[in-house]
Amino acid sequence: MAADITKYIEQLNQLDISNMYTSDFFLTWEKSDDEIAAVFAVADALRELRENNISTKIFDSGLGISLFRDNSTRTRFSFASACNLLGLEVQDLDEGKSQIAHGETVRETANMISFMADIIGIRDDMYIGKGNAYMHQVTEAVREGYKDGVLDHIPTLVNLQCDIDHPTQAMADLLHVIHEFGGVENLKGKKVAMSWAYSPSYGKPLSVPQGVIGLFTRLGMDVVLAHPEGYDVMSDVEEVARKNAEKSGGSFTKTNSMEEAFKDADIVYPKSWAPFAAMEKRTELYGNGDMDGVAALEKELLAQNAEHKDWACTEEMMKLTKDGKALYLHCLPADISGVSCEEGEVDGSVFDRYRAPLYKEASFKPYIIAAMIFLSKQKNPQKTLQDLVDAAKPRKVE
Amino acid sequence: MAADITKYIEQLNQLDISNMYTSDFFLTWEKSDDEIAAVFAVADALRELRENNISTKIFDSGLGISLFRDNSTRTRFSFASACNLLGLEVQDLDEGKSQIAHGETVRETANMISFMADIIGIRDDMYIGKGNAYMHQVTEAVREGYKDGVLDHIPTLVNLQCDIDHPTQAMADLLHVIHEFGGVENLKGKKVAMSWAYSPSYGKPLSVPQGVIGLFTRLGMDVVLAHPEGYDVMSDVEEVARKNAEKSGGSFTKTNSMEEAFKDADIVYPKSWAPFAAMEKRTELYGNGDMDGVAALEKELLAQNAEHKDWACTEEMMKLTKDGKALYLHCLPADISGVSCEEGEVDGSVFDRYRAPLYKEASFKPYIIAAMIFLSKQKNPQKTLQDLVDAAKPRKVE
Amino acid sequence: MAADITKYIEQLNQLDISNMYTSDFFLTWEKSDDEIAAVFAVADALRELRENNISTKIFDSGLGISLFRDNSTRTRFSFASACNLLGLEVQDLDEGKSQIAHGETVRETANMISFMADIIGIRDDMYIGKGNAYMHQVTEAVREGYKDGVLDHIPTLVNLQCDIDHPTQAMADLLHVIHEFGGVENLKGKKVAMSWAYSPSYGKPLSVPQGVIGLFTRLGMDVVLAHPEGYDVMSDVEEVARKNAEKSGGSFTKTNSMEEAFKDADIVYPKSWAPFAAMEKRTELYGNGDMDGVAALEKELLAQNAEHKDWACTEEMMKLTKDGKALYLHCLPADISGVSCEEGEVDGSVFDRYRAPLYKEASFKPYIIAAMIFLSKQKNPQKTLQDLVDAAKPRKVE
């Protein structure tokens, strides 16, 4: 009955995780390789405990605050699941219901919601230069509140998607890949195609492709970023990817050919996004309240997208990949040709074939979030994991 | 101090409940008599435990997902109460806040919300042929997800009202009746009038009258369904009622006279609903996006309703019942003449006289829902009940 | 490690709190001095326990229902925090999502949400003569429901702001003052300026100034209520303040000069509110559905406000206070000149200087609410506090 988490504890024993306690999680590339590995180890350990019906509650009471500035099903439920798994109750900060619109400052709100908050999860991915900055404002505010004696604790901030990175997504994606390939040690030299794909909607966030190239390049893989001309992502993140690849012994290349990217790829991640430059422009237009400009830009971008309908993950395209069997990744929901739209990111038959693995990919996110919280809140995570195993309190009576 | 739940355990010992573990709850007539009796026994047992301040938490953590596609106070709170009573935290899937509108399939959503969901409660009663079908899609999706290894468990689905049945309502109604009449053994031969009544609003769901005739006919009672010509309910459910009555030694009859139904009735349930044929037509109009047609139909139905203002549960009508003292039932909220509307389903004075029993009727719903969950989640419910009594953990310190 | 709550238990031992068990909390002046003192003692004790990582859960399950009829961040989160701290799960009664609009009576709703509710928190401050009355209807309904056997318990009602008082705010304000001045015994003779201040918005609730004058006058302080002519608060509450002052040996005076109020004040509370007479008129206009009248009134009130832009808590004004260092209070969010508006209640530099104490002031509210709940739910609060210390169950594993 007892889950075997010894191997996860041993993994943690060999990692330097001394800086994780009380630390926030903003961008994966702000974390060391050991810290990334620790999140994976704890995520797997928590999953093993839960699947063996062992309670992983480390909080007797406490709140997890969620602040979503964009619609969400998956990430919202993943955050709620992670909090519940650890014993925290979720409280949504719904900006519609709150007085934030009444001219309240970020600093003030951050403190007001934090008196009993152990965690704050924020999704703010819409505006370039804003989302990540907002999260930093929040965490600076609560740290100042702690210093001033307003708060008796520092709530941990977890980035649930910003304008730069989507760490819980990219790490769930990667943990899925690790499991599919039988271990992180098998990823060296594998080719990953992070490719733009056509979608009839526009303005999809850049944080997914950026998150993927910023993380997958750390493992010695050959990561190719493919997109039509003009669909560049944030250059700072490309720079991160380049340096990661250099250090890890892999590579990071760019191409304007989806075929080239898919050729012999072990892993493909075809997904739509908006050009970084256009998103910067949109942010500026919104900032100036220029709604006519926003509408004009939208029209222009949709027309631009429509020129690239051939960027789709078709059966033909999949045949180009390694043995025609690359692992297909997506953050979901995908724009599926003939299913959710006429022409989209992926053929219905390709999606169907990969449905089960795609859902499994998504299933890692609650555990990734829980692991981030766990590592930030436990001085000695190994001991806590062992204590949970030893206590063996059933999650549910059966 | 310790609650006496021995009798409930003994009741359960005599029932065949071997198929309840891991099973969903869609329609009462899909459950055996023993299974219905088991829900009542567990509901009463959980109530006794709670009223004796004994904790009934069988979950240490876990989520109960609620998906309401129609407004609700009572059922929403009943579901939340049931989940809380057993240790689950409620997470609402608010379709407005989620990405469901973004072309996401039912199958995908069902899996995405279920990674840590023990229960999914759905209310989807607006469109004929849709609600129950939707629930089956959800449960098939999570069962497939389990088979594919996406989920490590199968969340139980509880029908919180569909287009066909409203099982938690009808069972709460019946458990109330059982208590009022001093036991299920006293119901044989009792006359029940499930009657249409006038309401100034239109389009009220059919699931309540259908749920009542589909359930009450199982207990040897004489169930009369009364409505003006043209206000038929779903014929399949009438067929269920007919067969139930035959088997149980009761009767199921129909009449177009409210007086005839009320005559010597022991129990009356006067309530408005929309004609099944009209609801089918409305579903089609909505399906075609024909909003003018919907508006025209609404006008037509309101005019049709207005021809039957004499279908009201007045003091005069109540005098026709057994000793003038039939038990008055309603799922609430009722349209009360002179209170919530000018002319409605029931006289203010009748409603007032039955307020306390009406509220008691409603009070069974959280326990019915909790019992459905409990039976689906416990391999040996009798043992779990005994363990809860023995542990005698206080629900609250006092 | 163990928190020292002996002194709080001793404080409680010397107070008559025999009427607090099962009682609601509507207005501070309906509570005895001992009862007010008990709330402070328990609030401090709960804070000490939490800050020493000792669980204060007295509920194993149960719901805290929140019903907000006005937007709120602070009070909503304070209520959620208080419930969570004690082990209750919050369930929001969102009137938009519920069927309340369907002609449901207060009595019915109150019972329907209460089957498993231990606490009901209501904010209803918009309409004069309505909010407090509504809360009384709710509590009468649940008490009747208990008497009728509908409910097996009586949920406690906590006033989270009504048209008359804002007890959780005023008590959080006062507990902050007590801590800042080193004990309640140091407040005698201190001068408090509860002053109107200019805001570019209109219609801010009267319950804050009313709550402050109705509470602070009980402690022997010299409370001055200052506002421009015509901005009177509810006369009944002024009468309460007058009587309080007489009994406590302090004073309650009124002035139309902000300078006079600030002169040598130890504590200042400059805040905008709407004239009571105007709010009464607005309530009537809304009642008659006279939206043109409401718009005209709003215009008139904004013009009236604009005549008093000199009523601002400027640096000059602060210099008038005791040593230029009065404690500045505000319920937040404040209208800060040059920050959240062009001209407002307070200078940016003044606000900045008091930010940390202002946030601390707000931090007491969750504990005040939790203390109100605790005292209403515990027959012997001293014993329960001691039991919590003795059990020393960690709130979180670290």
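The chains carry the letters A, B and C, assigned in the order they are written, with residues numbered from 1 in each.
Simple rule for what comes next: a contact is a pair of C-beta atoms (placed from the backbone, for glycine too) under 8 Å apart; a residue touches a chain by one contact, two chains touch by 3 or more.
Note that this is a predicted model, so its numbers are computed, not measured.
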item: Inter-copy rotation, chain A to chain C, in degrees (Cα atoms; steps of 5); value: 120
item: Chain copies touching (chain A, chain B) - same or different residues, decided at half shared; value: different
item: Distance between the centres, which are taken as Cα means, of chain B and chain A, whole angstrom; value: 40
item: Multi-partner residues of chain C (each touching 2 or more other chains); value: 87, 89
item: Parts of chain A lying in touch with chain B, wherever the complex brings them together; value: 50-51, 55-57, 68, 71-74, 76-78, 80-81, 84-85, 87, 89-90, 201, 332-333, 335, 339-341, 355-356, 359-360, 362-363, 366, 393-398
item: Residue ranges of chain A touching chain C (in the complex, touch as defined); value: 58-63, 87, 89, 91, 93, 97-100, 102-105, 107-109, 111-113, 115-116, 118, 145, 148-152, 377-379, 384, 387
